[in-house]
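Okay, so chain A shows up in both of these, paired with chain B first and chain C after.
Showing the complex of A and B:
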């Protein structure tokens, strides 16, 4: 399985587009991207995950990592997540700390 | 660069086939993430050498085997930090070399790869009943877990134990029935979806049957008659004490069982529901000398197990082996384990399966001052956890009432169950006993207070409440042991017909008996526990030992909630009634005196005539009155409560105690009446016409409120 990660920061909003499968073999790519973006102190983090097909434990860890690094003042948006991703976030308790939207800006 | 890169203790000093490592930290035991690597630490009193074996997740063969250099060993502890490992995909185990001499207690076998007793997750049974590969080199694999869960403000609830309504349940059984209505059936997530149901019923504490990792395929076999697969369904056989059961998590296949379980606990806590774990520290899944070598047996057999002088396994648990709990090293492991669950999972308390074993010495003899029980009682981390003993074992040690308690241990009150069952079926000679049980068993727990006993009439072992009134005999044929397994002494009465019947009279009587049982349980001092499904008449068709069935014998059939709506509504009422009346929930024993000067003693006993209980051997009636002015030892106010029970086959008139000026009797419960007149909504209880006499129906319980 593979993962493609692209990121940009526009006016303090960090946008990361993730496609493919987020598991233990690919999560480090996202982890690096998140670490890079955090350096720029964004005020919001937007994850475009419409084409993210699958997320395992390693993927969850990166989102937790991002959330903890950014602090509670920075809002984390998930744009158009697929059902498996939403279910996983719900069952592991992370759903409450992200905002799910159909598009960004809302 | 990060600060730790400047620390010398995180630089590799050794290299083996391209893998970098160094001397590790001896504590903590287990595998711990450290900067850039993992610290491994394990002990064995008698191994001659140890090798760390590393796997990629699910790989058949290891990618590395690193022998611990002699200089890495301190005392009997092997420790090593290995660098550049992927926390997510790593699976690890150990090989231990040493003598194979069963007669001296040693069973080393370096051909086996052993699971770490301190592993925090186990791979191998990721999905419930997924067919295992029996030839796998290393079937139960130690894994790492992350401790990054966001608990927000959550912590254990510390609800006073006397205020609990305990609901004993099996995670899979609760929602696995096709009609449960939840999406992820039989999982932690499924249970979470049903929290509104628990709240409606009035439950504020769930006791989960084992959720430590176990092998459902252990001792699995085909039923000779039906060909159905019989499995280790209940899970009273631990593979690892620190790892949650992956097959109970919908996300187990993604490796997120830890997060899913923590999410469930957090959500239960948010809703005011405590979580107790049923923990099995009396034996492991390794069986006796014929059983598999999975972990303890190959790491340090002599330390972990109680052995006979000939090197065989003592079997006080009835399952093949006995964990050597009062060996100082094993005691530390148990303590480490419970601290881990209390701190990392926010568990509110523990119920110890066959806890009498925890009070046995290394040669099996009962100790008067068992170090393990003492350590748990005085442990700072466990200081506010509920500690509840199943105070007997399969080796004949029965300690109900005498379990060493160190000022805080509570116990399953087996005598409560037996007395109430006898009374319900109309046995003679139990009134004296009954009066003790409904008071919180001061005869047994005088020095320990009213909360030392967990009152229950049914639990997972034995008949369900419905089966207790529908069967005289066990019917365990489906277990494939010719009906030889399970308890023969059920103290049950089938109300006139063995099993299902269309007879209205019998079915009405059965429902009434269930209501009687629930009513008595909820007006008793002590901590009430009900068995999952008893509130809606769950049946196991007379099977009193369903440990091996992954089917409708165990799954809760949610249609019963409608079918037996009268039972469900009654259960809901009586539970919430108890929660509304502090007079039922005293921490301290009654003094049988009017120490608050209200005009009534805290408790008084009555019969057909007020103030005159019928203690005669042939008596089947009993009434008592609780004075609300003495509720919670007089610290809160409540109404006056009068409960009359008649287990005679004829109606009996009770003359009521006279209330103080201005108060009148109101009826809350009368199990003789058909639904919906068997109870009245809280605070809406009707005043009774005749304030002096009450005709209590045959085999009925009434509850009156003086207000």
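Showing the complex of A and C:
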């Protein structure tokens, strides 16, 4: 399964599409992509996670890192997360810090 | 009660995380565990296996360590045991994020402790033993 990460910035909106498994062996790939994105000072961060099948705490830490670097003014969207991913976010209290949507733009 | 045991050895490196999850998912499917609880078991085990690889063996200076995954099951209980020979590493002695930390906005949160919390929360029982020079992390899922 491993991980595939693709990103683009369109009119200050950063969009990252994440597919596969986000665990301790793959999270650095997303971390690097997020670091690249941050340098472009996006006003919104959109994570397409419909095909993200597994996310461990290593993945959560990248989301926390992104939020901390971008600041509270930058909204973080998760597009179509799978039920188990939402459950992990809920369990760790991160659900309040992200906006879950069925598509972006809403 | 009849108990079946399955056993597999994995190299203690991060490339083993996905094969460990696949091994567990295959066995859980055979036992009829639903998708949600199978995922949760995999998540719990994944977090602790990551700690064993990233902290236990790394701190021990052992580069060719192994993780034994032992799966015992009967009609009532599925038990997964991770055994390793790294330095004693008791996950319960690590600080878990408290209620306060979890309530903080993401931007103000200290990072860490999430993995162990996820291990505890995603199975019916999680315990740790150190015996005969081996760390044993034990995860139980009720099948009844």
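As a working rule, the second predicted complex is superposed on the first by the 105 of 106 C-alpha atoms of A that agree within 3 Å, B and C clash if a C-alpha of one lies under 4 Å from a C-alpha of the other, contacts with A are read in each partner's own complex, and residues count from 1 in each chain.
Keep in mind that, in the parts below, a contact is a pair of C-beta atoms (placed from the backbone, for glycine too) under 8 Å apart; a residue touches a chain by one contact, two chains touch by 3 or more.
Remember, predicted model here, so these are calculated numbers, not experimental data.
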| item | value |
| --- | --- |
| Partners on chain A (chain B, chain C) - clash or fit | clash |
| Chain touching more of chain A, residue-wise (chain B, chain C) | C |
| Which of chain B and chain C A:21 touches, first, second, both or neither | second |
| Contacts of A:92 with chain B and chain C, given as first, second, both or neither | both |
| Chain B versus chain C as contact partner of A:58, first or second or both or neither | both |
| First, second, both or neither for A:71, with chain B first and chain C second | second |
| Partner chain in contact with A:104 - chain B first, chain C second, else both or neither | neither |
| Of the stretches 200-208, 218-226 or 254-262 belonging to chain B, the one that collides with chain C | 254-262 |
| Common ground on chain A, meaning residues reached by chain C in one complex and by chain B in the other | 24-25, 56-58, 60-61, 64-65, 67-68, 87-88, 91-94, 97 |
| Complex contacts: residues of chain A adjacent to chain C | 1-2, 21, 23-25, 54, 56-58, 60-61, 63-65, 67-68, 71-72, 83-84, 87-88, 91-94, 96-97 |
| Residue ranges of chain A touching chain B (in the complex, touch as defined) | 24-25, 27, 55-58, 60-61, 64-65, 67-68, 87-88, 90-94, 97 |
| List of chain B residues in touch with chain A within their complex | 57, 86, 88-89, 146, 148-150, 184, 188-189, 249-251, 254-256, 259-260, 262-263, 266-267 |
| Touching residues on chain C, where the partner in the complex is chain A | 14-15, 17-18, 21, 36, 39-40, 42-43, 46-47, 50, 53-54, 97, 101-103, 105-107, 109, 111, 114-115, 117-118, 121-122 |
